[in-house]
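When the chains are written out, they are named A, B, C and D in that same order, and each has its own residue count from 1.
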Amino acid sequence: MSQPGAAASSNDEPQVESYSFLGPSGTFTEAALAQVPAARGKHWRSVNNVGEALDDVVSGRSVAAMIAIENSVEGGVTAAQDALTTIPGLRIIGEYVVPVGFVLVARPGTALADVRTINAHPVAYAQCLRWLDTTIPSHAHIPMTSNVTAASALLDDGTLADAAIAPPNILDHYPLEVLAEDIATNRNAVTRFVLVSRTAALPPRTGADKTSIVAELPEDRSGALLELLEQFSTRGINMSLLQSRPIGDALGRYRFVIDLDGHARDERIADALLGVRRFSPNVVFLGSYARADRIPVEHTPAYADEVFADARAWLDDLLA
Amino acid sequence: MSQPGAAASSNDEPQVESYSFLGPSGTFTEAALAQVPAARGKHWRSVNNVGEALDDVVSGRSVAAMIAIENSVEGGVTAAQDALTTIPGLRIIGEYVVPVGFVLVARPGTALADVRTINAHPVAYAQCLRWLDTTIPSHAHIPMTSNVTAASALLDDGTLADAAIAPPNILDHYPLEVLAEDIATNRNAVTRFVLVSRTAALPPRTGADKTSIVAELPEDRSGALLELLEQFSTRGINMSLLQSRPIGDALGRYRFVIDLDGHARDERIADALLGVRRFSPNVVFLGSYARADRIPVEHTPAYADEVFADARAWLDDLLA
Amino acid sequence: MSQPGAAASSNDEPQVESYSFLGPSGTFTEAALAQVPAARGKHWRSVNNVGEALDDVVSGRSVAAMIAIENSVEGGVTAAQDALTTIPGLRIIGEYVVPVGFVLVARPGTALADVRTINAHPVAYAQCLRWLDTTIPSHAHIPMTSNVTAASALLDDGTLADAAIAPPNILDHYPLEVLAEDIATNRNAVTRFVLVSRTAALPPRTGADKTSIVAELPEDRSGALLELLEQFSTRGINMSLLQSRPIGDALGRYRFVIDLDGHARDERIADALLGVRRFSPNVVFLGSYARADRIPVEHTPAYADEVFADARAWLDDLLA
Amino acid sequence: MSQPGAAASSNDEPQVESYSFLGPSGTFTEAALAQVPAARGKHWRSVNNVGEALDDVVSGRSVAAMIAIENSVEGGVTAAQDALTTIPGLRIIGEYVVPVGFVLVARPGTALADVRTINAHPVAYAQCLRWLDTTIPSHAHIPMTSNVTAASALLDDGTLADAAIAPPNILDHYPLEVLAEDIATNRNAVTRFVLVSRTAALPPRTGADKTSIVAELPEDRSGALLELLEQFSTRGINMSLLQSRPIGDALGRYRFVIDLDGHARDERIADALLGVRRFSPNVVFLGSYARADRIPVEHTPAYADEVFADARAWLDDLLA
């Protein structure tokens, strides 16, 4: 799968760097990858699921993979979070946000009044259900593997479907017609993606960074979570994500996926990481990387790098 | 859909009470409903998704609905949590736990090597992902609404899927073949279900109770979550569940689904509910009900009912 | 001891209400009592120490006593705090602040250069020590029982002293001359006084109130103090005083004297008092009363009375 | 002033090291100094107050000074705490505990019924107040600089006092008579002393250490104190002393004298000191030194030195 203008390549030509994404062409994940300057002109490798994408990275088939990590409506994409937590050797190196919206498409000549059966990825279907219940109350739904496949399958022989829910750019790829636009309930929905590579040097500090970690609590008690969160609040660090995920060995045992505003080379983040590492029986560092919105992280002067350096100089002097 | 031994009934015979569950017959949800003494001999109404199940309750078609709420591997069943949060007039009245395991099934004659596209409920899919990544690395996944439907849809016209993840008892219901057994990563996995009715009097306090709430934070800052959690820790209350869910209006805004050990008629729980109500701009009380494991809730004498009564008497005396 | 304009009275005439204060006439404590409208025209009873003043109240000899409770330089007047904590049946009903400053006085005709020996209450002496060390480096100090006695004793036969440290108003009472003004190191020093009566109905809420309590911690650990303070922070209550006092049975065991911004009839204060009563093995309520500065207590709308009433109505509805 | 067996010395012979203590001979402070092995055979320099004692150290007249720092009944000896906070260049190097008890003494021929005015060090006065209130209700109190001076001053010309509170051994030094024995409320009272030297290398870690600091809060709000205390609780550190002291510039502004269990060379203490230094606008390190009771400090394995070293190695690896 090559993007327009990408270098010609194949699995036989490893000399061109590959980037993996959840395909086929036309997905929101591809749109996220299109935001990555370093990926321009490289081979874009379309894969079927997040496991395959991350395996490409671990095995070296791709230098990086773009995966969805959070949806403003649906919340954490849990399979991706769990994969990043449990597969060693991975590191998030960038964040990208893509607005998500949906259109209803059909083969040319189909009228909205004729639609009875709709191809749709179940997540897209759920996001458009309010519109469908009002407009086509008696429709049937055929679940599909992706938002693009839902549309492309309308052109297959023997398809049962009259229409499909698809991304707005679908007409760039397939000879279909739009029956209705903007059919999702939440018109401001976005999906957040991360670019994942093998563990390497940290991306440089930009001043508008995030740091992602996953931490287990030492015991199953509410006080333990409070203590974990105090590691951040006592250092003036804001969390932009806190997602509990079951550890999986028993009901009620969780680990927490946490995004912090700042970079591991910020003194306050580094110090908080030390605190978390000491406190948590198991902490995974997922990476420090530039925020999608490029908005500089604000912090009070009380937590500036100089304050940390000054404190260390003070203590060194006391202990000398 | 009637269980063996259930009273014959239909939608024309409203005189028999109905219980809704995610069907078809054979689902884990049905197994959970079989644990409810009050449901024996009643009409069991099979529905297609949690929204339909809860709508049955709201409309009065069913006296209660059994829905999955948490899986020890996958965590909160987010659609159910979100539905309970946003649909008014519902109340959790009981909790049930069912062990879960999975097999891979296909139409007769399919070989494992032929499998490319797999029907699976997203929770089941996540639980079997490690096995799938190893055995069928480039598979595609179609999310389905239930573990049984995933299998039964293999027999539908126009299906894209070659195989399905299903419960072990699936061959009792459909003419399929098992391609692989015991494919879940965690062989001790369980799913937690709740029985939901319309808002009514609280179930009586048993001493082994849970209370479920959903609370939004007043602002998007880590300190706000700390303050929310202190409402419980300052009253000696343990949380057995803390699940963040996006509010949906913007990335980074969350509400929290929380299970507390204790009943709203326990003084410390009632007092914490007051604190949460004052603190949170939006709090939903989902119910107080007996725990599935019937293990009495322990608390230190410092938080006994008498302590609260004594403090009130003391204050009343001061203010008199 | 009668103030100018007070009704003539004696211990034989109990029909005139008495107010006790640390005398003799001219002390800062008398200046604080002069701020009490209800005390005008009543008998003012001069006593020698705080124990005597409080005993007058307990026994009914006086309707109230004015005692010093905090000095901006010296901190809590610990004997007064401990007496209020341990003597049952007392209640603070008002707060008064008096600026404290000192002059050096002598018998008429004495020159500053002649001063060798100085009468001074030890606390006043400490506050003026910097000036004395500079101006009269080789002076001797005779400790006296009060700031007024230090001055009046200059007129006694056989006195050894040449000068005395005294309050600025001392010339209203004694035929002395001022050798130097404003000799205290801190020229903004004030002393805070409280008016104490027997336990009775609380003074009405004014909107500019304080509530004083003394609370022991349940165990000797830092976490316990944190939990105590959270009782206030989780209800948006500011503390204007936090003073540790040893319980006296062993080193390292403390109780805390706490002043809260607000009145026990404010819902958030009442609720915090309940929390403290439940948490602390021993809590003493010292009173709710109008602040000396009459500055209205500010609190965020999140902790308004209505919020508490609304939460109670909500819970009552849930439990109904 | 030489102890029995001390080397003969004088201010003209600086070759013998001096230790300053609050005299005169017979004080509890002298008893504390007698516990210091390094002081044996050295010159013991009797001074009149804590300021003079510390000035001896600052100026080099004495190598160290013994001062009272806390009394189990009265709490922090505030003048000593304030002096250590504000005089630069001092360091606590040891801690000593002395049991304290009191008698009432007078000039020969005085009857208890004649006593009106009592010399007493304020701490001793507070400890005997209950007995005095019962026995001599209308007494006046002259605060004196030491328990011995209180007694010896009865023999001065011009004294106002009839009696004094003194240590039981006072008759070894002065021709007085005991009017009452054992007059302190708490018969198990002790006073805690510290030995103070000029700033030098820290005493070695013994495993049974204390660290003393004084910290101001960044703002006048209860939350600030909570944040300060969290610096210790998040590192598993116990406080054995927390004493608020007014900063002196306005009512309601405090600094806190804090004793921590552990030595500044313990990783968790060092890390907490860094946190406090960053947080507090003004922090004074008073020293790390062996506890008087020699009881080893306990901490959970979660806060062992190795845990800190391991966390640093982990972070260094992440940032490499």
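Points worth noting:
Going forward, a contact is a pair of C-beta atoms (placed from the backbone, for glycine too) under 8 Å apart; a residue touches a chain by one contact, two chains touch by 3 or more.
The UniProt protein names, listed by chain, are A, B, C, D = Prephenate dehydratase.
Note that the coordinates shown come from a computational prediction; the quantities given were computed from them, not determined experimentally.
Minimum number of contact steps separating chain A (Prephenate dehydratase) from chain C (Prephenate dehydratase): 2.
Rounded to a multiple of 5, the Cα-based rotation taking chain A (Prephenate dehydratase) onto chain B (Prephenate dehydratase) is 175 degrees.
Note on chain placement: the centre of chain C (Prephenate dehydratase) and the centre of chain D (Prephenate dehydratase) lie 26 Å apart, centres being C-alpha means. Computed from the mean C-alpha positions, the centre of chain B (Prephenate dehydratase) lies at a distance of 59 Å from the centre of chain C (Prephenate dehydratase).
Counting partner chains per residue, chain A (Prephenate dehydratase) shows two or more touched chains at residues 230, 233.
Because contacts link each chain to exactly two others and close back on themselves, their graph is best described as a ring. The full set of touching chain pairs reads A-B, A-D, B-C, C-D. Listing the residues of chain C (Prephenate dehydratase) that touch chain B (Prephenate dehydratase) in their complex gives 201-202, 218, 227, 230-231, 233-234, 264-265, 270-271, 273-275, 277-279, 285, 302-303, 307-308, 310-312, 314-315, 318-320.
Those residues of chain A (Prephenate dehydratase) that touch chain B (Prephenate dehydratase) in the shared complex are 47-49, 51-52, 55, 70-75, 78-79, 82-83, 97, 121-123, 126, 142-146, 153, 158-161, 186, 188, 190, 192, 221-223, 225-226, 229-230, 232-233, 237-246, 248-252, 254.
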